[in-house]
Amino acid sequence: MTQHSRITASVDYEKNGKQVGYLSAPHSHNLSGWGAARFPIAVIRNGSGPTMLLTGGNHGDEYEGPIALTKLIQALDPARIQGRVIVMPFLNAPAVAAGTRVSPIDGVNMNRTFPGDPLGTVTRMVAHYVHSRLLPLADAVADIHSGGKSMFFSPFAAVHELDDKALMEKSRRAMLAFDPPIGLLVRELDVAGTLDTEVEKAGKVLVTTELGGGGTTSTATIGLAERGVRNLLRHFGVLDGAPETRASLGLKPTRLMVAKEDAYVATDHSGLLEMLVDLDAPVSAGQPIARVYDLEHPGAAPALYHARSDGFLIGRSHGALVAAGDFLAMIARDA
Amino acid sequence: MTQHSRITASVDYEKNGKQVGYLSAPHSHNLSGWGAARFPIAVIRNGSGPTMLLTGGNHGDEYEGPIALTKLIQALDPARIQGRVIVMPFLNAPAVAAGTRVSPIDGVNMNRTFPGDPLGTVTRMVAHYVHSRLLPLADAVADIHSGGKSMFFSPFAAVHELDDKALMEKSRRAMLAFDPPIGLLVRELDVAGTLDTEVEKAGKVLVTTELGGGGTTSTATIGLAERGVRNLLRHFGVLDGAPETRASLGLKPTRLMVAKEDAYVATDHSGLLEMLVDLDAPVSAGQPIARVYDLEHPGAAPALYHARSDGFLIGRSHGALVAAGDFLAMIARDA
Amino acid sequence: MTQHSRITASVDYEKNGKQVGYLSAPHSHNLSGWGAARFPIAVIRNGSGPTMLLTGGNHGDEYEGPIALTKLIQALDPARIQGRVIVMPFLNAPAVAAGTRVSPIDGVNMNRTFPGDPLGTVTRMVAHYVHSRLLPLADAVADIHSGGKSMFFSPFAAVHELDDKALMEKSRRAMLAFDPPIGLLVRELDVAGTLDTEVEKAGKVLVTTELGGGGTTSTATIGLAERGVRNLLRHFGVLDGAPETRASLGLKPTRLMVAKEDAYVATDHSGLLEMLVDLDAPVSAGQPIARVYDLEHPGAAPALYHARSDGFLIGRSHGALVAAGDFLAMIARDA
Amino acid sequence: MTQHSRITASVDYEKNGKQVGYLSAPHSHNLSGWGAARFPIAVIRNGSGPTMLLTGGNHGDEYEGPIALTKLIQALDPARIQGRVIVMPFLNAPAVAAGTRVSPIDGVNMNRTFPGDPLGTVTRMVAHYVHSRLLPLADAVADIHSGGKSMFFSPFAAVHELDDKALMEKSRRAMLAFDPPIGLLVRELDVAGTLDTEVEKAGKVLVTTELGGGGTTSTATIGLAERGVRNLLRHFGVLDGAPETRASLGLKPTRLMVAKEDAYVATDHSGLLEMLVDLDAPVSAGQPIARVYDLEHPGAAPALYHARSDGFLIGRSHGALVAAGDFLAMIARDA
Amino acid sequence: MTQHSRITASVDYEKNGKQVGYLSAPHSHNLSGWGAARFPIAVIRNGSGPTMLLTGGNHGDEYEGPIALTKLIQALDPARIQGRVIVMPFLNAPAVAAGTRVSPIDGVNMNRTFPGDPLGTVTRMVAHYVHSRLLPLADAVADIHSGGKSMFFSPFAAVHELDDKALMEKSRRAMLAFDPPIGLLVRELDVAGTLDTEVEKAGKVLVTTELGGGGTTSTATIGLAERGVRNLLRHFGVLDGAPETRASLGLKPTRLMVAKEDAYVATDHSGLLEMLVDLDAPVSAGQPIARVYDLEHPGAAPALYHARSDGFLIGRSHGALVAAGDFLAMIARDA
Amino acid sequence: MTQHSRITASVDYEKNGKQVGYLSAPHSHNLSGWGAARFPIAVIRNGSGPTMLLTGGNHGDEYEGPIALTKLIQALDPARIQGRVIVMPFLNAPAVAAGTRVSPIDGVNMNRTFPGDPLGTVTRMVAHYVHSRLLPLADAVADIHSGGKSMFFSPFAAVHELDDKALMEKSRRAMLAFDPPIGLLVRELDVAGTLDTEVEKAGKVLVTTELGGGGTTSTATIGLAERGVRNLLRHFGVLDGAPETRASLGLKPTRLMVAKEDAYVATDHSGLLEMLVDLDAPVSAGQPIARVYDLEHPGAAPALYHARSDGFLIGRSHGALVAAGDFLAMIARDA
């Protein structure tokens, strides 16, 4: 017997017009015996047409998605769309409210728990609902990420290397429609539990991004998210009008890049981090890119870290304190 | 009877050469009955001459000071100086190690506790030591701040409006020697407990800064701190050579600005922050500069915040989650 | 291979007389490598006859069960019974000791984890033991609940709508034997993991209650629990004597009520709660029953909540601070 | 030099009309470097006349004051008053928001810290502001308390035995104007640090209450607070109209009672509490009033506690878990 | 499909020479989005020969293993071995760094979670890696335990009663090669989840120890671990030279003992523990061995605990505060 | 005006016989509005004679005092004494109950807060009471310390170098009457806030000890405390009978030793500690006594620490994890 979701929704996915409501996940805890955790959801529908699922706040400390999608919910006119847009601006709402990557309720990283569990803790229940109830409705999914409090990226949209080459090509075209400064092709090796994997397994288009980070936003990165998401809605024919291109905004075209296994540099030392190169700067393999100083002994020589490949620095540790095993840098090459 | 400090130092302030050691503040706690908290200190001395006290990490989540001063400790050749440099790169060392503004040991904000207390908690003991033992040795003090994890500033050095106009002029000249992008004249109203106030009360020059923030650093802000501190050492004749000027680096001269009481904008609402203007952008009084969205109700109209004066945005909230009472923006005018 | 329980009992279920002992659940933790969590259990037996399992403290902040069953353990004379009474007065003993709904050891809500797991955390181990070892011994189970710290109920005993109508009728008669002020027929939709469900799945009678709440007790609610449990023992022939009826006490007969899906009102707003009606008061659909005030802005109009059905208020939020998603009120109709 | 308060107010105490704003207490912490804690305050003024200061939420888990005063702020029409009403509905606002007796910011019990400290932690700063800025403006003060999460009282208003008999008589008349079910004369021995003491030291009338408790409210206790506060405003001539008397509501007149040192019963044992008498019940000296059961050994005889004096139970421990030293009961006699 | 481990190793198990590196277990958390937990591992190999896996710090508060194995890593000369030694000196590295029995990351007791889970939390991932990747490489395993912070043992090595008598005999001989003061034969009843069980299930030799405890070490217990591990390497022919015997050190031969179910005494009372016999002292069944005093009532008679069997005290509670269910004493007999 | 203590005692210091009761320190907190912290105290009196004050548990993780004094309270027959014995077996009772050095209520180290503060937090209130109420009653004080969880000492009693040579001689004789294995003369430099200092300032005899440590006890160290305290009572003529001498027990006489400033060795490195010498072993200046290993890099050479003076190791760090600044060793010389 399939276990049904314990989650209830205050919105009706089949109704025309705009609804802003909640998913309610039962959460019985010391302060609230019959309480529920609330996850905002909006449904904007007009007649028939494709369905696009838009998510932000999959990690709770990444803010371009939550802000851009909240603005979208408020601005989108149902009369101007054809089909359906389902928006969860704060996918891991308790984490967004706490400003943390993972949920403060159960400590679960939403993006490592798909396809979820209907009898699991709150985050797992929600992942299960998204997977079992929303994903079947969607033709395409955009999951807007940023670097979070611990990382900072030069803004990019990304598509995964897939065995299904037709799906990969559809995904690549959608990524380009998003019209990001950088379009990255990544081969991910450790993918179990992500929303991405489940969308792709279902044979559907997934566009993901990394837009800035550090637990902050700028007008530029929010603008990028807003424009990108609207372009995707236009690309899939849900929103009327033509995508707004980088060319039309006087910007350089999307730079196509790739990141392989040697893109990543991690630290073996805990301490105080000094990055030696800035985001977008060119680096060559073997070039020193970071120093880690010993906080107990400021007179001691720092540990030195080097690039493992040629390319450009497109991601870095945001924080200045690092622990052994932490990510320091991501270096991508032009495709 | 004056209570002596309980702190012991492993360095000798009268010895020539370079010493890197510790202040040990007795800290008897559950994990260490006869333990001590360690605060790194370096003394670099060569013969007679002025003494400069350099401090970073007064707030533990501000990193330009700790990194630039650690590098200075390692690089400074005693043979090239005349006089004495005392460096505390991590003034609130337990806070620096924890990555927090205030000390994790006693919850005390170092920069609100001067002149300290010899029988107080660890942070108060250290403030007392700095005030009673180091300040009398110093001719000038540079205390390197940044925005910390919760704020971000367009880099500036600052001098306070003082009743002692001669000291104020000496301070202003020292600030210009630091050669920052912006030189700010501030009238602070709530100054009790700061290191600044105590230095100025003692009739000594104090240069302070706000260099970036957000709990991160860049090559530019670290460079600014390194160059500024060396320039100060040269300005006071402690280090040989001429200050390295912005002109010599092809940079625009320091921009002189002022911040009055209407410079600051705070929020009355808790929620998700969208800044509408970026650092360094011009703003005019009444212009909307920020929106705060309600996390429980993404369909609700955000609260809107406006500039209270004309000027340029030189500081902003770094975080994207704000609580009622939080700082949103700082707007300064050209002097 | 079936995994055996790791739990050991200091009582012998087959022995005549009264034993008060423990279940010991291995709990290896930082403070006790080879420690065990203790769960008090009493066995009172005399010859052959039915076995009744009585549990209190399934949620650790509900006190009528723990107090009434502790008194029963101390008072019950084995010579006066025929059969066996197994009592766990503090079913989730670590939660009872901490005064919390869920276990402080593993954060698990005992009443959502049945049938448990022999290799799981402490609460799951105990649930598994109760399910696999005690439930097979029992002919009927009474699980005494109250509202806990977050809710308050007008005292009732309840029986679930079951597909097995014969069992439902036996359960209804047992509920009436408990002789509560209100006898409630509830259709529960979200039942996975409860003790109730497992007892009913096993084809056995389950009587449950909600007696007051708010983390306190009164002489009336404790008396209700004591009398009810003794009446049940008499109803099943375990204890000698006739049930003490409400009529014999000069009380009005049990009021039969039903609660459907529209019985529950939850809040969409966090803030300060003002209930507008008291327990037992009649309400009509659409009537305002609660206001929620904004704690940041006491000048702002409160959110208003309304009854969704006609009936009587039989449950309410006990706390005065509520969060979005929290339970506000339960409204039942006369059957 | 007198240290000025670091607190700023957004309201003008001299302005006619109704203002709802904040006190902002600088609170520099890890999440907000230049943040402030906000304490709501309302000023309702019309021409000249007496000033009454009304406070609720002195302890953050006592809710009649916060709710009744929030409603008063919203309802009071400046045109109907003569003089000035200053309302702080959440005197210890961070504690009210957290639902705790003491402030979560500094762990300070507001009502033990008067006259406060302008350089102290947030709660002390606010106490200093209330004492040095608001108290001089006030002719009388009403501070609305309840039992909080750990105690429950039969609703009463109270006045202290004072050496200044004239002030005591004025206070007694004000207390009667509040028109409570019980009017209590208490001799408090341990009064250092309370708002009461400071008001009385200043020779001004103080009315305090204990209205229910247990971390909840009822329509009756909120109504009592609302009516009482309005009656006080009328008693002092600030609000027009005659006080609404208990007689006019068909209620019995205020019962005058006294509580001496033998009124209080505390427990020497930790464990599970069973109260043997209910609020308002008569008790005689030596009568058993409570049992405390051992949570580890439910088979062990409970500790028994007795009344120390004749009288009526007007206060009790709300919680069912008690620790050695905890309050169990308060017994008052008719005056 | 078998789920692959998410863990990567920086060492190559097939390479000759000495490598000291890490296992990196992905650990995405609030402070480090793409971070990893690091588990030190050393591989010392020379040509062909048996593989021995040596682990310490399975529980993080047991220090003989971590110190002795760190010294072994530093001292072992690959030229002197034949075969391979794989050393994980801090098997539960995050727990060792925190000084806690279980992991501070996920609260998991490493030695209760074998064979682990490749998609589980960090500790489970590592257990899975050890089980699926390292155990197949090993011919024998030594897992060095001590009493941890809560227990203290008279140093012994142990072997389990096994159904496979040939393996049991090989294990017994290996235990004797370790040459401990006491060699214990134990029948363990609750073995699910231990490393021991998995090694024995795989038909391989497992030697385990309990060397002291209390969260400390002595030169004697570290020496015992160092000598024992080298002796094992010699016993299996991996290290050259003959085992260093107790006889050659002038010590009494290993004392062979057995511990049955009646070896263990636990407490039913929480309080202050006074042990009445010291480690290694003889005890007889029924002899008082411990008193537990009531911390609330120092005038009350203590609870008294007795030995359940004749023998010698070889283990005791280290701490002086005990809770009901805690281990008090272990009593073994001569074999 | 002197502020009176807020503490009440349930014992009468002037009454003959044995009383075991409490000091109650008002402690209003979130769980108990009118609660009190309880500090056990016993008064055993018979007629006139000297008064001796005995305290244990000044630090909550030191157990010889609490156990020996609890046993003394239970065993002492008032008929056999002449004068008065006041015993506080758990001076910092909340810390004893929590097993921590400092109080869990306010984080205060009792032995750094004398002479206390009547309006301070709980620990300060108690220190004030002991200083202002008990100390004036006492002719001599014995404060029984051990090493606590973080240190371990070879058992000694100690006397301070005092300017008042007559008092010092009286103290020395009392120390010898305690009859410890080692009698230590210490010059303490950092004494502000200790009970010792206040007793000595009052011109009274103070005997203090360090008996073992590590958060545990042995029959030997408890016996030492029991015998020593009784000997002191006999030395001062409070208890009848002659002191039980080491000679009469067949033990070597007390060894007289001194500890100067160079007695102490602290660590500059955090990591895993290996002590190279055991308690009581002879060491010579410059001899390596400890290694500290880097937990992140087990392949790295450890830091090495050396004795600063000749002598014998009489104290060491108990824990195996150390942080920079922690105590490693105490080395004393024969006097």
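Chains here go by letter, A, B, C, D, E and F, matching the order in which they are written, and residues are numbered from 1 within each.
Just so it is clear, a contact is a pair of C-beta atoms (placed from the backbone, for glycine too) under 8 Å apart; a residue touches a chain by one contact, two chains touch by 3 or more.
The structure presented is a predicted model; accordingly, all values stated were derived computationally and were not measured.
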Check: Which chains make contact with chain A and with chain F at once?
Finding: B, E
Notebook entry, point to check: Of the pairs given as A-E, A-F or B-C, which one copies C-E, with over half of its contacts the same by residue number?
Noted result: A-E
Note to self: Can you report the angle of the rotation that maps chain B onto chain E, using C-alpha atoms only, to the nearest 5 degrees?
What the structure shows: 180
Notebook entry, point to check: Same or different: do the copies chain B and chain C touch each other through matching residue numbers, with over half of them shared?
Noted result: same
Checklist line | Distance from the mean Cα position of chain F to that of chain C, given in whole angstrom | finding: 50
Next item on the list: Round to the nearest whole Å and give the separation of the Cα centres of chain A and chain B.
Entry: 35
Margin query: Report the inter-centroid distance (CA atoms only) between chain B and chain D in whole Å.
Written below: 43
Item checked: Multi-chain contact residues (two or more partners), chain A -> 38, 149, 268, 296-297, 319, 324
Check: Between which chains does touch occur?
Finding: A-B, A-C, A-E, A-F, B-C, B-D, B-F, C-D, C-E, D-E, D-F, E-F
Next item on the list: Spell out the residues on chain F that touch chain D in their complex, using ranges where they run on.
Entry: 3, 6, 22, 24, 26-38, 119
Note to self: Considering only the defined contacts, which chain C positions touch chain D in the complex?
What the structure shows: 20, 38, 40, 42, 63, 66-67, 69-71, 73-74, 89-90, 93, 96-97, 99, 149, 152, 214-220, 222, 272, 274-278, 293, 295-299, 301, 318-321
Item checked: chain B-touching residues of chain C, taken from the complex the two chains share -> 268-270, 296-297, 324
Notebook entry, point to check: What residues of chain B sit close enough to touch chain D in their complex?
Noted result: 59, 61, 100-102, 109, 112, 147-151, 190, 192-193, 264, 266, 268, 319, 323-327
